[in-house]
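You will see two complexes here that share chain A, one where it goes with chain B and one where it goes with chain C.
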Partner chain A sequence: MKSLLKIFLGILTAIGGFVDIGDLVANAVIGARFGLALAWVVVLGVIGICLYADMSGRVAAVSGRGTFDLVRERLGPRMGLANLLASTFVTFLTLAAEIGGVALALELATSVSYLLFVPLVAFGVWIVVWRMPFERMEQAFGILGLCLLAFAVALWQLGPDWSQLLHQAVHPSVPDGEGHPTYVFYAISLFGAAMTPYEVFFFSSGAVEEGWSRKDLRTERLNVYIGFPLGGLLSLAIAGCAAVVLLPQGISVDHLDQVALPVVLSLGKVGFAFLIVGFVAATFGASLETALSTGYSIAQYLGWQWGKRTAPREAARFHAVVLVAIILGAMLILTTLDPVKVTEYSLVFSAVALPLTYFPILVVANDRDYMGESVNGRVVNALGTFYLVLLTVVAIVAVPLMIATKAGQ
Partner chain B sequence: MKRLLVLALLLSGCVSPSRTDRDYQLKAGNSAKAVASSVATALLGARAAADHRTGGPYLTVLLVNAEKDALAVQSTFDSVQPPSSTADGLKDQVDELITAATSGLSEMRTLVRRGELAALPGLAQRLRPTLDQLQTFADRYQ
Partner chain C sequence: MAGRVRDLALHLLDRQVLDTDGRAVGNVDDVELHVPEDGSPPYVVAILTGPQALGPRLGGLLGQWLVFLSNALARNQDEEPGRIGWELVTDLGSAVTVAKSRVELGVHANEDRAREYLVDRIPGARDAGS
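After this line comes the complex of A and B, so read on.
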């Protein structure tokens, strides 16, 4: 039981990457437009994030250093600063969207305007960051986030034609009425979401917060190889539900309420209750993840004291950054900017920052002086290099494709 | 500067004017498809209500958003000037369908706000032909 509780860092991190507010809607959008024809991207993303989260977790366990610490050391202060600005901007946008996402989930349950919930949610996020111990935080939101498995249950309950779904997944093709550029745009968004930089910032910093060392490498692997595939499974279940219920009706998904519709039809009020808990836990968990990641990356780059384990008085600047980010994020959402649209755009912008985040991890994970026996093997290096090339291509084409397809319209 | 303006328009999703009948037909077809999506969403919500699978707060949010989306499509489409008298006829046709859809959605929303969920399936039944017409129209002009 004790070792089971240790895997929730991976689960909470994966929730941020696969089922935060932008992903919840994006997965349903994709399912309703392409069926499971983009399932291969989820698989590609899961393998990629497992590979690099494993490297960053291993480096953190062996050296006790977070990812951004390494980014600055390996890229130098100037390139490191460029990376810091790009990734902090994306993480901040995502934080704002997640605060809005929690509020949207509460609106679904109460029909009270989500804008009224935003200040309360922001306060709640700050209180949890300030007061709740790290391990309890990851366990609480990781466990409650599992309520999203309601999507998998709903899909099974809907009794779809499994062979047709499998055919869509293994023989991907662009459906009639959809263009190839739009298909590629959504593939990049999905891939960018799976490998979003704040996941490794949070995962590696979380490993340091939990005091992992070489003897925790097994726990680290369990976190990676259970947490991220579970996130991918949830992502596929959401797309599958949309493919079975919304696609045949010609529904194009724009809102969180439409994402819930297949579960409501299939599992009724009980399923809906699970879904609301899951939505709130996932978006709240992603708010915590992004708020902390903003503080982690800035503090690690500037060499400040950081972390929830350090007494707030000693890590005052870290906590101040987190607090300011939460306040600004809430203010941004109170301007009535659509939280779902914010994450959709931030996913594409995050794709641009991907190679700069993952390159230093690959370099350090190969450094025998740091890693000793835990250095990367040949297969991991080959895969790591393949993904780095892929990430570079994605970074180059992401923004032009967003403009060309009017963000996938 | 010109390029920046074009980029800004693309990113903000502004509607460009229609220069040809074909372009106008495509816009009409896309608008019909978008409104059909809102109506289909509402009808699924009504089905869930008929089966006692959901309550008022969720349905309210679902129907408010469906109506809001349909009204936004209508307003965007109305801002496009028809390029010819043939296109005028098309505009009237789409407008009629979209107006029927938005008023149906509005009635559904009102019923849910009043807590009269039992009346929802009947209203949904009456909105079904509008959905079929919107889908047929969208298929023809896309």
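After this line comes the complex of A and C, so read on.
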């Protein structure tokens, strides 16, 4: 039981990557338009993030260094800065969207305009960063986020034709009326969502926050191999629900209420209640993940004291950066910019920064100076190199494809 | 830590500097070298840290802008980079450990300002974290 309580870093990290506000909607959009024809991308993404989160977590546990420390050391200050600017921009946009996402979930529950909730949510996120111990934070939002498993239960209750769903997933084809570029565009957004850089910033820095050492490598692996597949499962369950209920009816998804529709249909009010808790917890958790990641990466690049282990005054610049990011994020969303659109675009931009983040991790995970005996094995290196090539291809095609397909419309 | 031969770029530059309590002091943004006149190999005499050391290494407009911004925040036109004498270095691993606390080192002007003007004014700034 005790070791089960230690896996919430992985679960919270994965929730922020797989079922934050943008993905909640994107997964349902994809299910409603393509059925499960993009399920293979989720599997590909889960394997990729497991691979690299494991490396970054191992480096953090063995050497005590967060991922952005490595980025700067291996890429040098100039390339490191380019990566810092790109990934901070993406993480900040996501933070803004998540604050809006919590507010949208509250709107769904109360029918009060989400804009009224935005300042309250921003304050709540900041208070948690300022006061709440790291472990309690990840347990609270990790456990509540699991309410999203209502999607899996709903899919089960809907009693779909499993063999047909499996067929869609195993023999993916582009449905009539959808173009191949659009299909590829959604594949890239899904893959980008699975591997967003802030997941490794948060996971590795969280490992340092929790004081993991070489002894905790087992806990580290448990976190990775339970957390991320669970995130992938949630993402597939959302797409599956949409594929079973929304696709045959031709309902298109633009908002959170359509995402919730299949669950309400199959589980009624109780399902809806779980869903609201799950939506709020997942988006709130993602807000925390992105707010802290902004602070982590800037502080690590510049060598500042960071994190929640010490009193805020001991990490003054870190807390100043996080506070400013939350305020700016809330202001951005108060301009009535659509939070869901913001994450859709930020995902594509994050695809561009991916190789710059994952390359240094692969290099350092092979460095005996840091790792001693715990360097990568051959299989991990082969897979890691394969993913690096894949990430580079994705980075090159992401933006042209977004322009060509008008972001999948 | 005298007399060891190391690849400077690989093993020293851009590493994290920690103080005696394990707190972050800054990064190794640059180093001060002494080049002996008799032609023997140069050696490191000090670690330089802070935007005033990082800016020139970045070069270009971005580097100038970083130094300018930091000077503006410090309200000091020619702020010097933080300097840590090499004799204080006790360990070179994935981080560089030095034998003084960060208060004694006095290379923390910006952190002090952030604490004084913002963080200390918010209730709870002194409460220990988790």
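Please note the rule applied: the second predicted complex is superposed on the first by the 409 of 409 C-alpha atoms of A that agree within 3 Å, B and C clash if a C-alpha of one lies under 4 Å from a C-alpha of the other, contacts with A are read in each partner's own complex, and residues count from 1 in each chain.
Rule of thumb we're sticking to: a residue touches a chain if its C-beta (ideal position, glycine included) is under 8 Å from a C-beta of that chain, and two chains touch if they have at least 3 such contacts.
Since the model is a prediction, treat every value here as computed from it, not as a measurement.
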Between chain B and chain C, whom does A:Val264 touch in the aligned arrangement: first, second, both, or neither? first
Answer with first, second, both or neither: which of chain B and chain C does A:Gly177 touch in the superposed model? first
Which partner does A:Leu120 contact after superposing on A: first (chain B), second (chain C), both, neither? neither
Which of the two, chain B or chain C, is in touch with more residues of chain A? C
Which of the two partners, first being chain B and second being chain C, lies in contact with A:Ile396: first, second, both, or neither? neither
A:Val245 in the overlay: touching chain B, chain C, both, or neither? Say first, second, both or neither. first
Do chain B and chain C land on any of the same chain A residues, and which? none
Given the complex, residues on chain C that touch chain A span 11, 14-17, 23-27, 29, 49, 51, 54, 57-59, 62, 93-95, 110-112, 114-115, 118-120, 122, 124-130
Chain B to chain A touching residues, read off their complex: 7, 10-11, 13, 33-34, 36-37, 40-41, 43-45, 47-48, 51-58, 60-62, 65, 69, 135, 142
Interface with chain C, chain A side, in the complex: residues 63-65, 69, 72-73, 76-78, 80-81, 130-136, 209, 299-300, 302-314, 316-317, 319-320, 323, 369-370
Touching chain B in the complex: which residues of chain A? 107-111, 177, 245, 249-252, 254-255, 257-258, 260-261, 264-265, 267-269, 272, 403, 406-407, 409
